[in-house]
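Labels A, B, C and D are assigned to the chains in the order they are written; within every chain, residues are numbered from 1.
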Amino acid sequence: MLSIGVDIGGTKIAAGVVDESGEIITATTRSTPATDAALIEAAVADAVAELQKDHAVVGVGVGAAGFVGADRRTVNFAANLAWRQHPLAEELERLTGLPVVVENDANAAGWAEYRFGAATEAAHMLMVTVGTGLGGAIVLDGQLVRGSAGFAGEIAHVTAVPDGQWCGCGRRGCLEQYTAGTALVRTAKRRAGAGDALMSPLLQAAGGDKREIDGPLITRLAQQGDPGSQELIAEIGTWLGTGLASIASLLDPDVFVVGGGVAAAGDLLLEPARAAYAKNLTARSHRPLAPFVVAGMGNRAGIVGAADLAR
Amino acid sequence: MLSIGVDIGGTKIAAGVVDESGEIITATTRSTPATDAALIEAAVADAVAELQKDHAVVGVGVGAAGFVGADRRTVNFAANLAWRQHPLAEELERLTGLPVVVENDANAAGWAEYRFGAATEAAHMLMVTVGTGLGGAIVLDGQLVRGSAGFAGEIAHVTAVPDGQWCGCGRRGCLEQYTAGTALVRTAKRRAGAGDALMSPLLQAAGGDKREIDGPLITRLAQQGDPGSQELIAEIGTWLGTGLASIASLLDPDVFVVGGGVAAAGDLLLEPARAAYAKNLTARSHRPLAPFVVAGMGNRAGIVGAADLAR
Amino acid sequence: MLSIGVDIGGTKIAAGVVDESGEIITATTRSTPATDAALIEAAVADAVAELQKDHAVVGVGVGAAGFVGADRRTVNFAANLAWRQHPLAEELERLTGLPVVVENDANAAGWAEYRFGAATEAAHMLMVTVGTGLGGAIVLDGQLVRGSAGFAGEIAHVTAVPDGQWCGCGRRGCLEQYTAGTALVRTAKRRAGAGDALMSPLLQAAGGDKREIDGPLITRLAQQGDPGSQELIAEIGTWLGTGLASIASLLDPDVFVVGGGVAAAGDLLLEPARAAYAKNLTARSHRPLAPFVVAGMGNRAGIVGAADLAR
Amino acid sequence: MLSIGVDIGGTKIAAGVVDESGEIITATTRSTPATDAALIEAAVADAVAELQKDHAVVGVGVGAAGFVGADRRTVNFAANLAWRQHPLAEELERLTGLPVVVENDANAAGWAEYRFGAATEAAHMLMVTVGTGLGGAIVLDGQLVRGSAGFAGEIAHVTAVPDGQWCGCGRRGCLEQYTAGTALVRTAKRRAGAGDALMSPLLQAAGGDKREIDGPLITRLAQQGDPGSQELIAEIGTWLGTGLASIASLLDPDVFVVGGGVAAAGDLLLEPARAAYAKNLTARSHRPLAPFVVAGMGNRAGIVGAADLAR
């Protein structure tokens, strides 16, 4: 039984036919006409039509960055795309003639890791995507947790520091402001700007211009042994582990799956995260320490998870 | 189909026969021999035997304050009772001849509210018990969330203030240290001890001895209009609402049910909680505000929830 | 005995002849050629020459935004001007033929308030300038406190929130990020951007464009009774009072003088500041509450204070 | 020119004749009748009479733990002794026939370090006494800073963590709750009580009873290389350095003098303090790092400082 998964990103629409073992049989892409809902839908329908030509599919799953209603049909709000209370599933069903379910993109990716990736042996999983921002997906007892209005799993906006750093969401101290790519780069720039000697190799690698510092550069220098860059990534990891220890009091998962661009730093990120987690976990002498594992599906997770959720 | 629910507290064992509508048909109690596991089990078995005489039951549900394994049979750890990795269900099945399931007491109470009390119309519920300490129970999609090792729902140990007040769990800044009866009374005593004029009526009502200040006294004075006592309860409510706003980013429930002794203060507690919740909820202009309602089952919740979970 | 005071700001150099009672006899201005130290000095010398024509003066006092060495002759660093370890007094003495002392501009203004303005009856004063940023000046036992390297009184960089909002200084959580004009406007924009209904009148007054919100607009609306704008200013005041209560544990001043643009809000700022101060002051039942008074010298403070320090 | 210094502690009154070089010529002690002001004064007068027999002195300086008025004659409040608005100098002048000045004991000790001990080459000094509690003394431009009501230098009650650990003063988050002997021991007990494996050697050295853990035991184990005890002291040091970095924004001292019982740990305390100070100091690339030095006067500081202040 095949289904199609679609991952609508800010710049690219990726779609593929996925089988029941989570393999992508064939795939295609379109660019994202971000500011026009109708054009996005037309592009998705076009990709689906292409994929359908050679494969019989039972439905379409769509992952999108935004708040998706609990009915899995409506996008209530998307920060980077043109949707406001938008009946996305209905529109796509009309255009494709196939049953469509819509899912938040982090949820779709998390579901792929749970079904086919790093957490196939878990019953309860928390996936954290440490990219430019911070994404989350919760699976409990084999069910994806969506919440009342589809807002569940928004780990980015758990409070890390009361009255802390302002967040784009209009509140202060959200975890995303402490453990995501944006936070990593901001800290590097701030410290470089203040003349912090430990930032010198990084600043030099950025051609002396702190504005040129970005996440991949920090990761590369850290992997080459630069102590300043390693400290920056370790700080991100410490905040991550500290935040997840607090969250474990609520959810007590079997495993934490860590994905996203910053996770490319591997143990430079995860070891400090594990240490902070162990240090901050309540009742840690009476319970096992949930492992932190790196996500295994890579960029495919969005397509595969969305497709699987459509079956 | 009847079942027996048992609520093992620190001083009293309460048990009852419960029908499918959540009504307690008949009930009995025993005192708790807290330091001896075998005596506790004998007392529970004795109460069950008494109740069984006149009613045919299909099983026994036991709620206990402690970390109950995900298998619902083992108590891994209990702060106030003698259990460590204790096979409670097995022992009680041997003594009673009935199938037994064990559940954390806050979970049992939360389940009762979900099934028969204040949250019967919800799919996703977070119940918070604001008593001496802080308890929590999570129901998502109609399922009680237990977690990997039975530690889910431990809202008490979500971090409210990094490096904040020391908690009995060995960590700092747990939410319980800011929004529970102990926190309420401690704040009152500290402020009274520092000569805070706003605490004068309360101190006077305590006979001039700050050690005599307790939760019921504060609630009573607050209900009589004492501004200092009202401020104390409002502060507890503000921390509660702030903490729940952070948690809503993860769980996005339909409703918050607030029970426990401090909830007797009603809107003196809940109005500040609602205000802080609304102020701190992420994306609050794109989602409904989950209501805060007072628990409806009272002391019966433990028995009723445990009994229902045994069916 | 007359002296000349010079106030070197980012856009304007203001200078005046000041008598021993703190009156400005005559004044003049030049624009500030901010990026060229020599041009600034030439402009100052030119203004001094003009003022000297009709008045015999004993010396020149110069106030400048920057870190001024304890010798009162060298500017070690200035954020907005071209000085790095710059022998400003020596250069100006060469150009003017008069003895010159240099002082941090907030210190000069604070000294003017202490000698001729709002704090003439105090022995120990802390002046806080709540403008775009946050400035401070400390007078203890009638002496201006400069510190080892001229950095004393930098109240802006006292820590208000550990791991809080990033500051331009390269550290997190500085008081300036919570109680200054920039913080006021940032909070307004963040809340407006998040769709906070309480910000609607302010957003409307800004023509619907949150980028047009500025400090004077917030103050004006607050004075007209807009609850949202009043709340914004009150929050700044609460942080101010909370921060000063902590500082009072160190300095225990007789009086706090509050100046700067945000102080134009008067009691809308000061009442919340006083309340937070009283609430957070240690040992408050054993000591008097230092009053918060509005600065009395206005824009003249820089010139008058610098001139007086030159005598 | 000789004078007498008296150090009134909770259990012992120590007095001595001190010369102008800060040497104690002769000394004596009395026990402290803590609950009766008249008996304390009689004991002090008796000690002074004994010392006067063989030495001509010009006056008496008295150091006492409490809030001493700016007139240096009245004790406004003392936590551990019987004084409330007490005219101590007047009473002692009546009994001894000598001019008497009263000073806060931490101020007296700090003055001794400034005049004869670890800070003789400084103009601006902050002395921190890390004992059971946290004491402070400020000297700026060679003057002891007393403040408006004698409360200056109360570094213990600078806020370290907003809404943090409750303090005996009735407020939350005071620095003393994070960096003093009481904080050190409390952290050790909390971590040991939570089953923290790193605390095992310490717990074992305390005979398995966490209540037996005290400061000297932690220091001893730390000096013997126990990683857990070293971590505990390092944490105290980190909070100390972080707090002093914030304070340096206000006072910018030449030197920090660290005394008190916890300072016996030497660099185990001071190295983390220096590191945290350097990391958190604002504008650290534009200013020198004030050194942290260990106090040099030991127990004599109280007598010597009080005597010197009486001249």
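Definition applied: a residue touches a chain if its C-beta (ideal position, glycine included) is under 8 Å from a C-beta of that chain, and two chains touch if they have at least 3 such contacts.
Predicted model, so just to flag it, every value in this text is computed and none were measured.
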Same or different interface residues for chain A and chain D, judged by whether over half of the residue numbers are used by both? same
Computing the C-alpha centre of each chain, which chain sits at the greatest distance from chain D? A
Looking at C-D and B-D, which pair shares more C-beta contacts? C-D
Centre distance in Å when chain A and chain D are each reduced to the mean of their C-alpha atoms: 52
Approximate Å spacing (C-alpha centroids) for the pair chain C, chain D: 34
Between chain B and chain D, what's the gap in Å when you average each chain's C-alpha atoms? 45
If you look at chain A, which of its residues touch at least two other chains? 161-163, 169-171, 194-196, 286
Of chain C, residues touching chain B in the complex: 162-163, 194-197, 284-286
Give the list of chain D residues in touch with chain B in this complex. 161-166, 169-173, 178, 186, 190-191, 193-196
Okay, in this complex, where on chain C does chain D touch? 67, 76-77, 123-124, 136, 138, 140-141, 143, 145-162, 169-171, 174, 242, 245-254, 280, 282-283, 286-288, 290
